[in-house]
Amino acid sequence: MKKAALKYNAAHLMAARAAREIKDGETAMIGVGLPLAAGIIAREVHAPSSMIVFEGGTVGAKSRRMPWSISDSATSDFALAAMELWRMLGDLQAGYVDVGVVGGAQVDRYGNLNSTAIFGQGSYARPKVRMPGSGGANDIASSCGRTIIMMRLGSRNFVSGLDYLTSPGYLSGGDARARANLSGGGPALVVTDRAVFRFDGQDKEMYLAEIDDPANLEAVRKLVGWPLRVSPELKKMKPPSAKEMEVMHRLDPLGIVLGTGAELELEDFEKYLGVLERNFPDEPLSR
Amino acid sequence: MKKAALKYNAAHLMAARAAREIKDGETAMIGVGLPLAAGIIAREVHAPSSMIVFEGGTVGAKSRRMPWSISDSATSDFALAAMELWRMLGDLQAGYVDVGVVGGAQVDRYGNLNSTAIFGQGSYARPKVRMPGSGGANDIASSCGRTIIMMRLGSRNFVSGLDYLTSPGYLSGGDARARANLSGGGPALVVTDRAVFRFDGQDKEMYLAEIDDPANLEAVRKLVGWPLRVSPELKKMKPPSAKEMEVMHRLDPLGIVLGTGAELELEDFEKYLGVLERNFPDEPLSR
Amino acid sequence: MTSGRKKLDKVTDLASVVNKYVTDGCSICLGGAIARESVAVAREIVRQQKKDLTLMGAAMTSAGEILVGAGCLKRIEIAYFWIGVVGQGFNFRRAVEQGVPRRPKVADYSNFSASLRFLAGSMGIGFMPTRSLRHSDIIRYNPDIKTMADPYTGQEVALVPAANPEVAFIHVQRADPSGNAVIMGNLWNDPTLARAARKTIITCEEIISEQEIRTNPNLTAIPRYCVEAVVPLPFGAHPEPVDGYYWMDQPFRRDFALRSQSREGFLGWLQEWVWDCADHNAYLEKLGARRIQALAAIEKRFRQGMAR
Amino acid sequence: MTSGRKKLDKVTDLASVVNKYVTDGCSICLGGAIARESVAVAREIVRQQKKDLTLMGAAMTSAGEILVGAGCLKRIEIAYFWIGVVGQGFNFRRAVEQGVPRRPKVADYSNFSASLRFLAGSMGIGFMPTRSLRHSDIIRYNPDIKTMADPYTGQEVALVPAANPEVAFIHVQRADPSGNAVIMGNLWNDPTLARAARKTIITCEEIISEQEIRTNPNLTAIPRYCVEAVVPLPFGAHPEPVDGYYWMDQPFRRDFALRSQSREGFLGWLQEWVWDCADHNAYLEKLGARRIQALAAIEKRFRQGMAR
């Protein structure tokens, strides 16, 4: 960090990094939270004619508030279109969505994801931890032009075997996905808070492509549950730019998504209203 | 005809007779021409909460003009809903349409219909007469709660064998239709300009139920291409009532549908406009 | 489909429709999710102590958490079940992980395939094909998902069975007394759910006239012939939002999520917001006019310039 | 799907899009039928002498008659092909019965099953099941229709193959320059066609601003990401009607039907209304301002009180 002004947290780093993978003119299917922040940054900073669509069926909203879910009113504020969920995901299956963002609690070396259950000593029917389930993740992973995986790099989530495969990456690697009659191209990269991973062009195994600090290489290796390959051209992850930070501060004044901690203000209804009103920007953010 | 005022033609007779088969509260899928006249008469005379839906996807229009097709603007004037064609016909397949009207150039003793081609010495690929094809008729005949068949009783259209079965009636009779996984109940009756036919409860063969004049019985028998059964309780077809005639005159001032012959006025654009304007009723007809 | 569909005035009240149409052991679906989610309906189902229900849907948040926490659900066929942003689906977790208060059978789908089940059901056919699901454990653990070779291309596709729940509750912005319903903004699969269910109940923020419906038929999302009953139910989605009508009550959702971290906490919440409120009006009174008016005002402010 | 979809300004002209996207031997579909039927597009396809086209659709009237009479069609996959009310489909009859000017191969469907082909195509799957078709000769003479046992119920259903025509032309009331399109009144299957086609061209009565589109997202029938090009084309459906914009020109349709009873009569009509009109503007000039204004005025009078 060169300037004090560019203080950022892990969420800011991930959102800004993922944003740079979205190209101008692209249609991006994006969930809320960090992926949405990434989509908005892309649109505001470097990809002005990219467009965000939500699984809920709204297209290209232009809102003055941050959506907190894939279907709250902020996703339909001044949107270009609103359609049924099946229709939007049918458009996805037909190939109209260029890029999507997915995540999960576990990922394996081929970019397959689990967002359904951690079995522990139990099973699918009686898991240690039950999670929300696929939502649209399986559909996006199956059919989107390409996907960006976003998740924190924790001690137990880059695993050698998933408890449950919710969303397909490159399956068992190699040409397994190409043979699978999936219209989507599969994961392009994995963006975490400490590193960025990409996939080998041949065997489709994940390798380390960028790292926050090269000194952390061994630490990252230890977190990954298989022998990690490292790119010979390993790069340093670029921190968020001033412009990217400015967009993030503007879009999430409550800090709900980016974790800058306005939690206290959510406790009290009057404070909540006050924050909404104070942070009502004159100019709508484009989505 | 008791009064001179009740002068009616074959079209009026058929429309009024068919109308009486539509019950209050029913949703009726109806094509244009005579079937539409029947639907409007029902709604205006004896079934005020019946509702017409068009294959084109509009529901319950309330227009000041007579629709000339299943999808012109008159079918959407002040309609209650407009949806895609596949959705409307999906609603039909799901059982939401109580009654439908179908027709054809040929009908057989089980109420199967041909509106595709008369082969003559030719074939399906090179027919003597090519007709429009099914349109929605196959779908209505397959899935509508029950159907009303409307067609003129001509010398060669009540046949012992169809050249081409476009729309299913009772198929080969008996329980053939019940075994066929068709959601619709099949034809309830056949309304013609000279007689009304119904179907036997057991073997599903068509029989003569009503006739314009009992003196015409032999003439009708001769027109039908199989040995015609006659109901022991053969009735006389009831002519249109004054109220029914009034509705028909109001809804078709150009006489395009009911053949009262304003054809000349269609030749000239200015006369066409004049007729439209003169016949613009203050009160919309309900559909 | 009974004659209820054929009436022109279908207006009734929430307690009556839940009592009449939700029977123990029946299958239900709820419209919306976040947007227009049928949260008041879920509270009423709990209040009437309906049991052994099967919940079918794509995604569910507050309404699902209330139903599963109160033990009303025997089976859940869904793609996503959670609270989100302010907290996890703690009731769902407790039910599936620990069987508290009971362990519902869960059949997982993806959002798209769960939606296609209703699309099939809406059209009176038995199944629908999709390219999703095959290369995942969703199909491995859900025996209702089948595969076949596309007879035209030879390529493998997954099939999902039609969903035709016995009752659907769909909360909309506006409806006329015969059930023609207008949905603004997020639609979810609600026009499709309304057709797929055996009986569809519309709950709405406002009753409008048939005349008003007729000014723009392209805005009618659900035609009256699929509708059995119409219930005026202002703020029927609180604490979730209704596009154009009111914004999310995040403090309320956060309170729910925090308290439902423990079983005792959730039971306290249930006592306070369900058992101690005789009906939806009592719930709104407890919330207070200031709060609901503020949520409506902030929504209008953000939507200024859009059609209403 | 090329980068055309990704542009924000897609506005171009009719001659250019027909020249660029309609190649000899390609498959096309035309939006609407009666309502918003792409009649001007059909005339331009004839004018540019495009050959060996496959026309896919559900129903077609004037546009189909012009194309088949001019000999542009090699194959027709459709449920209904006629003029209606004022006359028969004499060109269609002559082509199929006598092979004049050529005999297109006809694949019959029903309106529903023809529509489901586009629904399958719009979702990127290969087929769709229906209960229609099985008990008819439609399936007997159309080898592309298959049957299977529903794997859930065991009952037989028919399958129809997805339709993904190379080009769709859809005439709408309003669109913005990036292709977000508003359809009023009769929709036919046009939102579905727009998705099923490899390239979708929107022709429209009026170009409006993106700002106006944003005031009511629920009115957008086609989102810009399926649209390749946008062509302003006022009175592009004449003599067919456009809901809210102009009424049917029955005398024109009747003249067409009468003259097309004979091959010579039709060729005379073609000379007068296609070959002798350099483009759509020349056609409108020939019609005369009085006539097109009167058709617009009468439509507005009948629609007074409806949203516009």
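Letters A, B, C and D mark the chains in the order given here, with residues in each chain numbered from 1 onward.
As a working rule, a residue touches a chain if its C-beta (ideal position, glycine included) is under 8 Å from a C-beta of that chain, and two chains touch if they have at least 3 such contacts.
Not measured: the values here are computed from a predicted model.
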Intersection of the contact lists for chain B and chain C: D
Target chain D, source chain C, minimum contact steps: 1
Cα-centroid distance, chain B relative to chain D, in whole angstrom: 27
Between chain D and chain A, distance of the C-alpha-averaged centres to the nearest whole Å: 41
CA centroid of chain A to CA centroid of chain B, Å: 57
Shared-contact residues (touching 2 or more other chains) in chain D: 124-125, 130-131, 155, 157, 184-185, 187, 191, 214-215, 217-218, 305-306
Touching two or more other chains - residue numbers and ranges from chain B: 58, 76, 78-79, 82-83, 90, 93, 143, 183
Touch-based graph of the chains, sorted into line, ring, star, complete or other: other
Complete list of chain pairs which touch one another: A-C, A-D, B-C, B-D, C-D
List of chain C residues in touch with chain B within their complex: 1, 3, 6-8, 121-125, 180, 191, 195-196, 210, 213-215, 217-218, 220, 222-226
Residue ranges of chain B in contact with chain D within the complex: 32-33, 55-58, 63-65, 68-79, 82-86, 89-90, 92-93, 116-117, 122, 124-139, 142-143, 162, 164-168, 171, 177, 180-183, 256-257, 266-269, 272-273, 276-277, 280
Interface residues, chain A side, partner chain D - complex: 25-27, 49, 51, 53, 58-60, 62, 76, 78-83, 87, 90-91, 93-97, 143, 183
Partner chain C, residues of chain D touching it in the complex: 124-131, 146, 148, 150-153, 155, 157, 159, 161-162, 183-185, 187, 214-219, 305-307
Chain D to chain B touching residues, read off their complex: 32-35, 58-59, 61, 78-82, 84-86, 89, 92-93, 96-97, 99, 103, 106, 108-113, 115-116, 118-119, 130-138, 141, 155-157, 184-192, 240-244, 247-252, 254-255, 291, 294, 298-299, 301-303, 305-306
